[in-house]
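Order as written gives the chain letters A, B, C, D, E, F, G, H, I and J; numbering starts at 1 within each chain.
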Amino acid sequence: MVYVVEMEVHLPETWSEKKIADIIAREKECSQKWQSSGKWKYLWRVAGKFSNISVLEVESPDELHQIISSLPLFPYMTINVTSICKHPNALRETIL
Amino acid sequence: MVYVVEMEVHLPETWSEKKIADIIAREKECSQKWQSSGKWKYLWRVAGKFSNISVLEVESPDELHQIISSLPLFPYMTINVTSICKHPNALRETIL
Amino acid sequence: MVYVVEMEVHLPETWSEKKIADIIAREKECSQKWQSSGKWKYLWRVAGKFSNISVLEVESPDELHQIISSLPLFPYMTINVTSICKHPNALRETIL
Amino acid sequence: MVYVVEMEVHLPETWSEKKIADIIAREKECSQKWQSSGKWKYLWRVAGKFSNISVLEVESPDELHQIISSLPLFPYMTINVTSICKHPNALRETIL
Amino acid sequence: MVYVVEMEVHLPETWSEKKIADIIAREKECSQKWQSSGKWKYLWRVAGKFSNISVLEVESPDELHQIISSLPLFPYMTINVTSICKHPNALRETIL
Amino acid sequence: MVYVVEMEVHLPETWSEKKIADIIAREKECSQKWQSSGKWKYLWRVAGKFSNISVLEVESPDELHQIISSLPLFPYMTINVTSICKHPNALRETIL
Amino acid sequence: MVYVVEMEVHLPETWSEKKIADIIAREKECSQKWQSSGKWKYLWRVAGKFSNISVLEVESPDELHQIISSLPLFPYMTINVTSICKHPNALRETIL
Amino acid sequence: MVYVVEMEVHLPETWSEKKIADIIAREKECSQKWQSSGKWKYLWRVAGKFSNISVLEVESPDELHQIISSLPLFPYMTINVTSICKHPNALRETIL
Amino acid sequence: MVYVVEMEVHLPETWSEKKIADIIAREKECSQKWQSSGKWKYLWRVAGKFSNISVLEVESPDELHQIISSLPLFPYMTINVTSICKHPNALRETIL
Amino acid sequence: MVYVVEMEVHLPETWSEKKIADIIAREKECSQKWQSSGKWKYLWRVAGKFSNISVLEVESPDELHQIISSLPLFPYMTINVTSICKHPNALRETIL
């Protein structure tokens, strides 16, 4: 099953530059681990914003939550989750 | 350049069943023409809603508008357009 | 997989009383067919509103869409879809 | 009487990791006490979000408030409360 | 149990003056029947708007829905329902 | 003249437990002073939320502001103010 | 007592040009009657929108409602009502 | 003085194709008259939407309103108006 | 030219009482300087809220910005700016 | 390709005056570097608000993101990005 997830980061204003640099490095490592696993299919930057749009193919809603909630910035993001499926007008046989 | 476009249909309540069936058939034909052209990369149904999320790769913003505004349901949809680009954490070299 | 779906009806103002009574009767028949199938687990009325909150257990997002979009009032409802999973604090072993 | 309650956590950015771990542990203990009592019927995680959807069966609005406001994270959540009742199209005789 | 209900009327633009006058007369009759029953405690006009704020004391959420949904204008109102209870700072022993 | 006022508390995350307990005690004292005066007619807890709905009968908008702005939590609340009057369908002769 | 009222007109799409011209003429007559009475102090056009911001000085909330609801376009406007009073920083002794 | 104005068209569903084609032709003529006058500096299409963003340089707010309200689609658009001025970081001496 | 400006204060939770008292005193001094100049025509308190509605008559949008941005609380307010002009139904010859 | 970007600054309440003055100076330097490059065509102040509306002409969405995200205040702004193109009613041959 496939989800489109939009995440917008709200960077805490009270954190030191070191703490911010550290969490951003761990965020990168974590998201790349899931990309390597083949489950995080697309990770797109929204042009001009501290946001991304992502496409994930997972076994279950539980697995989606395991992935997204493992991100170090998870508690500091506004997240929208959309469950998608095949469109009757789509020519492509599969979703991805 | 790549856009993520979300379209939600608001079906006119005063149209006859025939008029609705007709416009939905023309909508399908039109969207499939653009899919065949290779510019409309993904057309996903939002599960449980009269909406789609689409991914289009176009030459210019003008071409994006030409495609979306050619849809017969264009005046009766709420449309959100997001311009996307490469994310610094993305493993994939290209956007699509 | 389980979804919580909220549907709010916007009754068309131009329809005759007969047309409205007819579509509401077909809506009932349709929703009861899916309840009988065991997939539409809960159908709750929001007290004081022309809305319901429903819980559906389906095989896939495609099946969720098949069920919701088969409702005669589907084009005239504002629909919110939430994909849910097991909560780490839940005592219950299964979702439902 | 039955309520559907959605709670979204906004984790304070200035709290130490220890203070956060502590409040999350107490949150778990508190919510499980109410689940054990039989009043907190369902506790679902919203997939991909720091939110839950819960179903509670209580004696009165006062009891609902007693339960929700006893949660340690209560002041740091956005909470939506919906009072539900029997739907005319529901096959099930009781709400739960 | 007590509810605060806010109702905002959206008068259909396509109805004849006679049809509007008729439904407004039936609305008055219906709301006064429920006021006479003692369940609809307060019916206040929001100054300057086609809205009311009402306070109802009912046996159950089902009874609240029975009352509100019996109003002829029910399908043409935006309705907000709030379930209230005793406030810890209130001097008054009872809610009403 | 009568106002319906809804107040939602946003508890500062950086305050000590003692500072919070202190302001909540002073809030109680202040609201009870105004209730005793007969101007703050109803103080209702919104079930499940850190909010109240209140009904105040005052001499003027200035007096309403004097009362609400004297609350210690005033700067940390989202406040909605609604001016109400007699409804043409109301059976009751007076507003309260 | 003084109110600031913002009104945004939503012109019905199904009305004939004659019906629209007629209601706009009656709207003018009605608003000028209230301006002449001295109660409708200011009537400002919002530049570029089909909206106005008005300032009214009335005896009571009931009188405000009597004035606003007498406007022929009343059912077809989105209306926001704000009750104002003396500001502690204001140099002017009176509100108007 | 310079304004940025965003206009989103909501095409009436009950109008005939002829009536729509006619109003769109008159809309073009009207907007081009104002562009020729030198007051309507920029007229941009929002890519993928039935909206435009425009920049107008006018003598007064009254003149802005005269221009925008002369558009045949004026009553059927959602319009946002922003008054702009020189930014302290701008290198350009003039606004346009 | 005349603007209606609504300002809502969000008092920082981390500031000392002394710092808050100081900025509020400077806010008063600053707003009174502009009122004395004759440009800040009305300063109204929104009854029951930490907000004001103001009416300013200025030479240009730049002057409006100079005034509003000179307020010490400027960075901690949510501000809405509306440019107004003469209404066709207004009896008064001038705006103020 | 051309974008209209609106940025609203949310100044952190916990930063020292020196830290704020420093970041505002670096913000100016950074935005002026991009204006000098010819890519940041217009930088307008929204009158009365801590916001700007900007027009940028860039090679790609990636370049837009490079510019906007290089601003020191980037993580502390609410940003809206609109991709624009030629309007069918525009007299001007080019967008800028």
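Heads up, the rule we're going with is that a residue touches a chain if its C-beta (ideal position, glycine included) is under 8 Å from a C-beta of that chain, and two chains touch if they have at least 3 such contacts.
Just so we're clear, the structure is a prediction, and the values are computed from it rather than from any experiment.
**Student:** Hop distance check: subunit B to subunit E, minimum number of steps through touching chains?
**Tutor:** 2
**Student:** If subunit C and subunit I share one sequence, what is the angle of the rotation that overlays their CA atoms, in steps of 5 degrees?
**Tutor:** Subunit C sits rotated relative to subunit I by 180 degrees.
**Student:** Taking all residue numbers at the subunit I to subunit J contact, is the shared part over half or under half, that is, same or different?
**Tutor:** Different: when the shared numbers are divided by all numbers used, the fraction is under half.
**Student:** Select the interface copy of D-F from among G-I, I-J or H-I: the correct pair shares over half of its contact pairs, counted by residue number.
**Tutor:** I-J
**Student:** Starting from the mean Cα coordinates of subunit G and subunit H, work out the distance between those two points in Å.
**Tutor:** For subunit G versus subunit H, the centre distance works out to 26 Å.
**Student:** For subunit F versus subunit G, what separation do you get between their C-alpha means, in angstrom?
**Tutor:** Between these chains, centre-to-centre, one finds 28 Å.
**Student:** Which integer distance in Å separates the CA centroid of subunit C from that of subunit J?
**Tutor:** Centres of subunit C and subunit J (C-alpha means) sit 44 Å apart.
**Student:** Which residues of subunit E are in contact with two or more other chains?
**Tutor:** In subunit E, 2-3, 13-14, 45-48, 61-62, 64-65, 81, 83-86 touch at least two other chains.
**Student:** Please list each pair of chains that are touching.
**Tutor:** The set of touching chain pairs is A-B, A-C, A-D, A-J, B-C, B-H, B-J, C-D, C-E, D-E, D-F, E-F, E-G, F-G, F-I, G-H, G-I, H-I, H-J, I-J.
**Student:** Using the touch rule from the top, collect the residues of subunit I that touch subunit F in their complex.
**Tutor:** Going through subunit I, the ones touching subunit F are 9, 11, 13-14, 45-50.
**Student:** In their shared complex, at which residues does subunit H touch subunit G?
**Tutor:** Touch list, subunit H to subunit G: 3, 5, 12-15, 61-62, 64-65, 68-69, 74-76, 79, 81.
**Student:** Which residues of subunit J touch subunit H in their complex?
**Tutor:** Residues 2, 4, 27-28, 31-32, 35-36, 42-48, 52-53, 82-92, 95-96.
**Student:** Using the touch definition from the top, list the residues of subunit B that touch subunit J in their complex.
**Tutor:** For subunit B paired with subunit J, touching residues are 1-3, 60-62, 64-65, 81, 83-86.
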